[in-house]
Amino acid sequence: MSATHRRIALGAALAAFALLAPVLAPNDYVVGVLARICLYATLALGLNVVVGFAGLLDIGYVAFFGIGSYLYAFLASPQFDIHLPFLLALPLVVLGTALFGIAIGAPTLRLGGDYLAIVTLGFGEITYLLLLNLDRPVNITNGPSGIIGIDPPALLGYTLGSNIHYYYLFLLVLVLTLIASNRLRHSRVGWAWQAIREDELAARTMGINTTVAKLQAFAIGASFAGFAGALLASWQRSVFPENFLFTESINVLAMVIIGGMGSLAGVVLGAAVIVALPEIFRDLADYRMLVFGLMLMLLMIFRPQGILVPRAAPRPTPNSPTATEKSA
Amino acid sequence: MLGILPQQLVFGLALGAVYGLIALGYTMVYGVLLMINFAHGELFTIGAYVGWGVLAWLINTQLGGLHPAWVLPLLLLMAMSASGLLGMALERFAYRPLYLRGATRLGPLISAVGASIFLQNAIMLTQGARMKVYMTNLLFPRSWTVQVGGVRISALVLVMISVAMLLMWGLHLLVQRTTLGRCMRAVAEDREVAAVMGVNVRRVISLTFLLGSALGGAAGVLVGLYYTQIDFFMGYSAGLKAFTAAVLGGIGNIRGAMLGGLLLGVIESLAVTFLNPAYRDVVAFVVLILVLVFRPTGLLGESVPHANKV
Amino acid sequence: MLELKGVAASYGPIEVLRQVSLQVQRGEIVCLLGGNAAGKSTTLKTILGMLRPTSGSVALEGERIERLPTEDIVARGIALVPESRRIFARMTVWENLTMGAYSRRAAPVEEFTQDLARVYALFPRLEERAGQHGGTLSGGEQQMLAIGRALMARPRLLLMDEPSMGLAPILVEQVFDIIQAINRQGTTILVVEQNAAVALSIAHRGYVMQDGQIVMQGAASSLLDEDHIRRAYLGED
């Protein structure tokens, strides 16, 4: 079988598996886990645009996830008594989150990659604190109690009910996101991102407006997260600040890195691994973050290109402690 | 409110001095490697825990025959050694393979994030998730206060300020007056040329980590003594604040780190006095964002390798 | 004293040096000429161990050095005056010179004092500005500082990377006069230059590089006569 045939066969097998999964699953809980994998894969693909494509280390990404979730909650729950239909609320949420992405990115993206990491971390924290504390003096987020009673999605008059419905919805969204990611990567801005990721200075001298490109990456990443956030809110029918802690940002980052930054299939695999593993290793929950930390370190040293995709090996460098560094 | 202002200022200085100590670690590493050692906060935490352990042991063994005046130096020494060595190990095993490769800057950054998470959880798993308590009272009774120019200050706070200032001054002398310090500055400015002068760059970087991490460990002891409660998570917020201080003063700039630390301590102290204490940690973030937006090079200007700058 | 045999080197997949062979005898001034990106600076980097050759050898007084770390190579008596000076702008003149003497830190203090005096004698302006930061010096002064810094190492072999770059013609003359003076005092010198005229005016021998290879070599006087060179580098026709 030639390589292309093998790829098609593999793809077909995966597609079949994905479509039949809920039927093959032993119980509803497992279907829920599968739905969760699809949802988080979508989220991770968003971060993949920022980190994997453009090389911008955002470690407060969960902020956008949270903003998206809460925005949806504002638009479709008893909190403000607004009950927009799902298909109307979604674009608003995506737009709103993207605007946040631009607002956060605009002042900070022109700084070096290291600063960006810290600042995004800061924003992640601030977002969490705001979600937690904005129930006084005006009750916006309802504080630690979160917002509950969110409307379920209603598509074409059909209200979603069981996990199986959600699974197929999330799967559809995931596929669309994969297609969008792929198109992005091969678009003009996608090439710009790759150039920036490799060597920003060189990219600039080639005439690429790096600030705009980076902002685009940020905004698009944010909108993916906003989308995923809306989905989460409508699925869980509730949102709490606790859903959006710093550790979640690291989880999503790990998903992107395990799979190999930039590789789409890798990101999905990463999401599957990170979501499913705690389920399998229930007892070792305490050790999860420990292992993550270790894994991040080891991956960077031994296999920076990720587990799945064997990229071109990193260039051998001059033997001196003075290897020239490129900007991030 | 204004009545307690002088005291708050003094406390702000003490807090600031501690931030300065931790900030020095960040700034020194950034100066030579252009990387943010995310795990630096955890080195601070480890210093606090080692100090706690030694103090607890000393108390249990009735100070082991030691004169009380030696306790603090011993705590500092142990904590600084532990943090310093761990910092060196981190550089050697987690960072060096990456920055030698000269690949994107993302690698060392991610590794540092990983190291931070790993250390934090390692501490949690080995020491328990509950906080530990420093029996500071046995060493520095709360009642022990000193009158300085009309203000009543706790002796502990004075000691904190003195120790921190002393350490910072020591570092300053080392960097400005000694050969090693000159090597560090040379490596920070232009690594290639430093190598051509015959400097063993790898060793200088290693020593930079040693010193910077040791200072962070010392800060851990001081913070432990003052706040008496330590937990595995303390490095997180302290680290971020110290990083803010470093950026405020100008990242890579040693005097900047000290100045930034003091300023941030005072600002935070004042903010907490006059504003809502719940948003205490937010103060540092706000300062950080303001600095990055309006004066990214910091108050005293950046001090990063010219040869490697974009 | 210095011999390169068949040295090849690459930056990753890009080959930058191909089969470079050259010699520098003790007491000589040898110049390495060529246009931009000919591989001249890369050759110096390879000699200093900043770039490891993929094949070939570099020998200093018979000892193979191509696999040694830079600090060990430098300790054997090679010093560099880098391209565009690259002095430590944030350190004072005195500190720069002291760093130059770093490879001789084990030597007695009197020698350091002697070397410092010698450098100040050669460059009185540096002594005037001893306490000033390197960044405040003019281009010409920085070049002097860079040379002085290299001399503090009492090198047997002095490597110079484009010392004339960015300097006004008068200064270039001064610098090259100084290079000759240093050579007369006993230092072997390998100069990389794009300004062939001035380089050949003081060198004993020269090599011309192009695309990572040596394409011409010989005594300085014969190179000066070479038609090729005249046209390409001296602008004559």
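When the chains are written out, they are named A, B and C in that same order, and each has its own residue count from 1.
Heads up, the rule we're going with is that contacts are C-beta pairs under 8 Å (C-beta built on N, C-alpha and C of every residue); 3 or more make two chains touch, one makes a residue touch a chain.
Computed from a predicted structure; not experimentally measured.
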Far-end chain from subunit A, centres as C-alpha averages: C
Pair of chains ranked first by number of touching C-beta pairs: A-B
Mean-CA-position distance for subunit C and subunit B (Å): 42
Where subunit A and subunit B are represented by their mean Cα positions, the distance between them in whole Å: 33
Rounded Å distance, subunit A centre to subunit C centre (Cα mean): 53
Two or more partner chains touched - positions in subunit C: 50, 69-70
Contacts with two or more other chains, residues of subunit A listed in rising order: 315, 317, 320, 322
Where subunit B touches two or more other chains, by residue: 192, 195, 201, 307
Residues of subunit C defined as touching subunit B within the complex: 48, 50, 69-71, 74-75, 79-80, 82, 86, 88-91, 95, 98-100, 102-103, 105, 149, 153
Subunit A partner contacts - residues on subunit B that touch it in the complex: 30, 34-36, 38, 94, 97-111, 113-122, 125, 191-192, 195, 201-202, 205, 240, 243, 247, 278-279, 281-282, 285, 288-289, 292-293, 296, 307-308, 310
Contacting residues of subunit A [partner subunit B, same complex]: 51, 55, 57, 59, 107-108, 111-115, 117-119, 121-122, 125-126, 129, 133, 197-198, 200-201, 250, 253, 257, 261, 286-287, 289-290, 292-297, 299-301, 304, 314-315, 317, 320-328
Residues of subunit B touching subunit C in the complex: 179, 182-183, 185-186, 189-190, 192-201, 303, 306-307
